[in-house]
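Below, chain A partners chain B and then partners chain C, in two separate complexes.
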Partner chain A sequence: MTPPLTVKIETVYSRSPPPRKPLHLTPADAVLLALAFTCVGYVGWRTHTVLDYRWDWSSIWPFLLKRDPVTGELQPNLIITGLLTTLRLAVLGMIVSGLIGIVIGMARTSRRLLLRLIGSAYVMLIRNIPPVVFVFIFYFFIASQIMPALGLSERVRDAGPLIRWLLSVLVGDLKLIENFVIGLLCLSVFNGAYVAEIVRAGIQSVSRHQIEAGDSLGLSRGDVLRFVVFPQATRNMLPALASQFIQLIKDSSLVSLVSIQELSFMAQDVQVSTQRVFEVLIFVAGIYFLLCFSLSRLFEWLERRAALAYR
Partner chain B sequence: MSDQRQPSVASPVQTTAPFIEMRGVNKWFGQFHALKDIDLDIARGAKFVICGPSGSGKSTLIRCLNRLEEHDEGRIVVDGTVLNEDTHHIAAVRREVGMVFQQFNLFPHLTVLENCVLAQVRARKTPRRDAEERAMSYLERVRIPEQASKFPGQLSGGQQQRVAIARSLCMEPKVMLFDEPTSALDPEMIKEVLDVMGDLATSGMTMICVTHEMGFARKVADTMVFMDRGRIVEAAPPATFFSQPRSDRTRLFLSQILSH
Partner chain C sequence: MRVLTRLFGFMLLAASVLLASAPANAQGNMLETIKKRGKLQVGYGSFVPWALRDKQGNWIGFEIDVTTKLAKDMGVDVELMPTAWDGIIPSLLAGKFDAIFGMTVTEPRKEQVDFTAPYSQSGVGVAASKQLAAGLQWPEGYNDAKVTFACRRGIAACKAIEERWPKATLRQFDDDAIAFQEVINANAHAVMSSEPKPTFFTLQNPEKLFRPTTDYVTTGVEGFAIRKGNPEAIAYFNDWIGKNKDWLKERHTYWFKTRDWADKAAAN
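So, the complex of A and B:
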């Protein structure tokens, strides 16, 4: 006869993990570090000895801020003005290209063949043209035909003070509004195609089962998209969107080709008037780096927050 | 054995017109003939359990009932509404039909409470306060009101499935479809889900369950349906179904799943 089965329940305890092993440098790490320092050092030495160049950073500063000759107030000069335009292009560009991306991305995943075709045509057309070529084509064939017809400048001139103030916050100098809007549209239409692909991938990354659950609860198609698919898709889209929006900031320098007066455009002006080509280039590169770096940190933060939001 | 090609199925508690009616329903996935000439009548309050080997069309059949799958031929009527391309008809049917999935399919970005509230507010236009109240009452019914503010990912599989049941019930459906509701669960959690389903059956809900839980089927079902290769092979009350299956195919299936 077998004895009755008894289970002895032991005291359940948990304790903290053992201390982590301290980091230490392996020989491979040392070799890598040495190589990196050698490369950087060599380039520095070449530039210093071979490139005979007298660095002079001081001639840049007057182009950041200037004093008004009449009132004596400090005002933004070329570089800061350009930077502000770049910032406006970046922020508004993200919004407009985001909207274009959502619309086209939804069209690409639609059940209607015609919408899918329109969406694909847009993405294929733009994605397969080099950005520089697109900027010129957009400027000469689309913008310069449509903008005069809109009569934007006249409308702005006749607008009330509140609208004028709002617009000046959004686009800066109202005299240059057409110039700015062309740059913004060019950038957004172009980037919208890439955002559309990210949105499409995001929508398709949400499991079919989620949509079925929404359908079976009687939610309308729009509600399923808005409350079930998009919140989950957005989370999956964040890393790709971060890259694309950083790309957008950098691409904003391309519209200087058609005289949109943003940072790169102003930088060329400053290069011409100061004859300090390298200093201005490096200085502007630093500004772009700071902008893009801050944005990528912002997206990292967003990703962390999204990851904490559930699970 | 049985040379009857397609048994006509009627639930024992049949009163007037059947609540759900399937006539000559056929469905293909590409070249694959998934449902073959399905005829089925389900009365209000009936408890159907559908079983059969995998790939026999059980899930496809119940997914046709709320048009998660479109049938290619035949006629499906749910509570007087004919299921066809008409989106109004589909919406009307989906309001009456609740569904519980094998993988729970809770919305991971919403709390348990929000999972239960969303469709009430959006599809039924229930005021939020009433929706929350109803959600809490159903969460109590599935015995997890204390989890209301958690996210689905923080719950066990059994808890998630009970939330999924509560979420469906919040829409006050007239019939509940269960698509292998316990197949993705650890053995320890199957019972808690089956208990909730048992309670639901007692309350008079019309239920159509695809499941391999034969103990549950014996206790709850009033009609057992056995499917094989897209056909309904046999349909009978559980007493006769388990003791005197008419077809050899059913007998073989039962011997395989009941042998251990």
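So, the complex of A and C:
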């Protein structure tokens, strides 16, 4: 618990952030770029001429926002509602699967056999079945056992206004809370297994000597984890975590298979109702791209910061 | 690490307590369960004109009209539960909702669920590509390994194609609109779907599509599907369907034979 110790450890094992390379365009690069653009243009032109499709983007816009017929207020319509659900699934999913990952990852590196077995069983079971199959199994066999036992809908109905308000910020429409929670659990349990492996790799990337050094300084087991292992492990985990969380956002579209009303599910409804298949697909792909791209940038920034902190 | 062992132990305990205290899957009298809950929970898939979204994002359609009126007559609210069509029967069996509305009665489905008396009739129609299928003789000419059919996965029309044109290739899509698009693009010879879709698509794409026949390829009837072992619910629903025959007919005509609802709907 004595802070000066940690400062010493950090200064001894310092790493400087990788310098950013300046942008430099050579003629070869320019040729390659031109080729790439030509390819994209050609595909676009082929699509335009071969695919006999009357593009009509105007059907989509009404599904972003709508005007309440009574009050005249602007309200989110299907696509934005779905996007908000996807965002909530993503943020809460990262938190929950992060927690699962830390617990299971620690169990995987534990000195106790029982914990290691539990951790391995969890990871091996989930990592080795296809996500789609997992979603169905979870929905029909596991969630249908847990959800009636929790009695969420009844509890929410009886809850006070403050709790209801908090919940509505967290999960959106309270009438769909069970629907949302099933989706969130499914996604988190599934992603937690992958995060656990990242956490395990992160913990094991810290040299044994560091832990022994911590031990010999008289730090308790918890303090070794907290001041020696985790600060270094976290930094090593960041790039892999970024990929995994991006994967989580994209995987959130899988739970539309079991009727969780997120972006993909709503998009399907809009597709059927408007009969504009490609427009809706492309638009939704754009939204997912923006989400994932922003998250990539956020993690890049975090990586730079983490590197700076240890200079 | 002892903390972790305890955590797992606690979670196991909590899970077993939860499961032990879970109410046995509500069997009993289905009608009473609905009345006690005060809500009729209905599962359905989006399918024009059975159930579709209007421009405000609200559900409209034949099925929605029927559901709303039935719930009102039962004195309960209706809870609409849009469900992916692929998993709709397992969802019903798992107790996610009380009934599936507007499901075509088929033998394989009858083995899993009970149907009420039919309250609607539908027919599967066909539309074909002018470029590929103009010279083909209907229907024998289509029973050829070179011919490709398209349909939406899981609907009764797919089965009909497999049975009547066994030599043809069948390609199944998640969505009707994509199946029709394949034929418009001349990637498939013909597409089948419940009327009025083939009619409307052909009207919208007169230079690409034509109708080899305006007869129904197969006809079907639709009823409500509920979990097996609820004879009193079946009797109640059948009674309701009998009493509302004229109203049902009028609504069916409105949604399937007219396009009066087109400006409300988002499709154009």
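Operating definition for what follows: the second predicted complex is superposed on the first by the 276 of 311 C-alpha atoms of A that agree within 3 Å, B and C clash if a C-alpha of one lies under 4 Å from a C-alpha of the other, contacts with A are read in each partner's own complex, and residues count from 1 in each chain.
We take it that a residue touches a chain if its C-beta (ideal position, glycine included) is under 8 Å from a C-beta of that chain, and two chains touch if they have at least 3 such contacts.
Note that the coordinates shown come from a computational prediction; the quantities given were computed from them, not determined experimentally.
S.K.: Label the relationship between chain B and chain C on chain A in the superposed model as either fit or clash.
M.R.: fit
S.K.: Which partner does A:Leu114 reach: the first (chain B), the second (chain C), both, or neither?
M.R.: Only chain C; A:Leu114 stays clear of chain B.
S.K.: Have a look and say if chain B or chain C is in touch with more residues of chain A.
M.R.: Comparing touch counts on chain A for chain B and chain C gives C.
S.K.: In the overlaid three-chain picture, which partner chain does A:Val228 touch, first (chain B) or second (chain C), both, or neither?
M.R.: The first partner, chain B, only.
S.K.: Thinking of the overlay built on chain A, is A:Gly218 touched by chain B (first), by chain C (second), by both, or by neither?
M.R.: Only chain B; A:Gly218 stays clear of chain C.
S.K.: For A:Ala309, decide between first (touching chain B), second (touching chain C), both and neither.
M.R.: first
S.K.: Could you grab the smallest C-alpha gap between chain B and chain C in the overlay, to the nearest Å?
M.R.: 13
S.K.: Mind pulling up the chain A residues that touch chain C in the complex?
M.R.: Residues 50-53, 56, 59, 62-63, 66, 69, 77-78, 81, 103, 106-107, 110-112, 114-115, 118, 136, 139-140, 144-146, 148-150, 221, 256-259, 261, 265, 268-278.
S.K.: How about chain B: which of its residues touch chain A in the complex?
M.R.: So the residues of chain B touching chain A come out as 66, 68, 91, 94-95, 97-99, 101, 103, 105-109, 118-119, 122-124, 151-154, 167-168, 171.
S.K.: Which positions of chain C touch chain A when the two form their complex?
M.R.: 1, 4-5, 7-8, 18-19, 21-23, 25, 46-48, 52-57, 81-84, 86-87, 90-91, 94-96, 174-178, 181, 184-186, 208, 265-268
S.K.: If we count contacts the way the header does, which residues on chain A are in touch with chain B in the complex?
M.R.: Going by the criterion above, the answer is residues 209-210, 212-220, 223, 227-228, 231-232, 235, 309-311.
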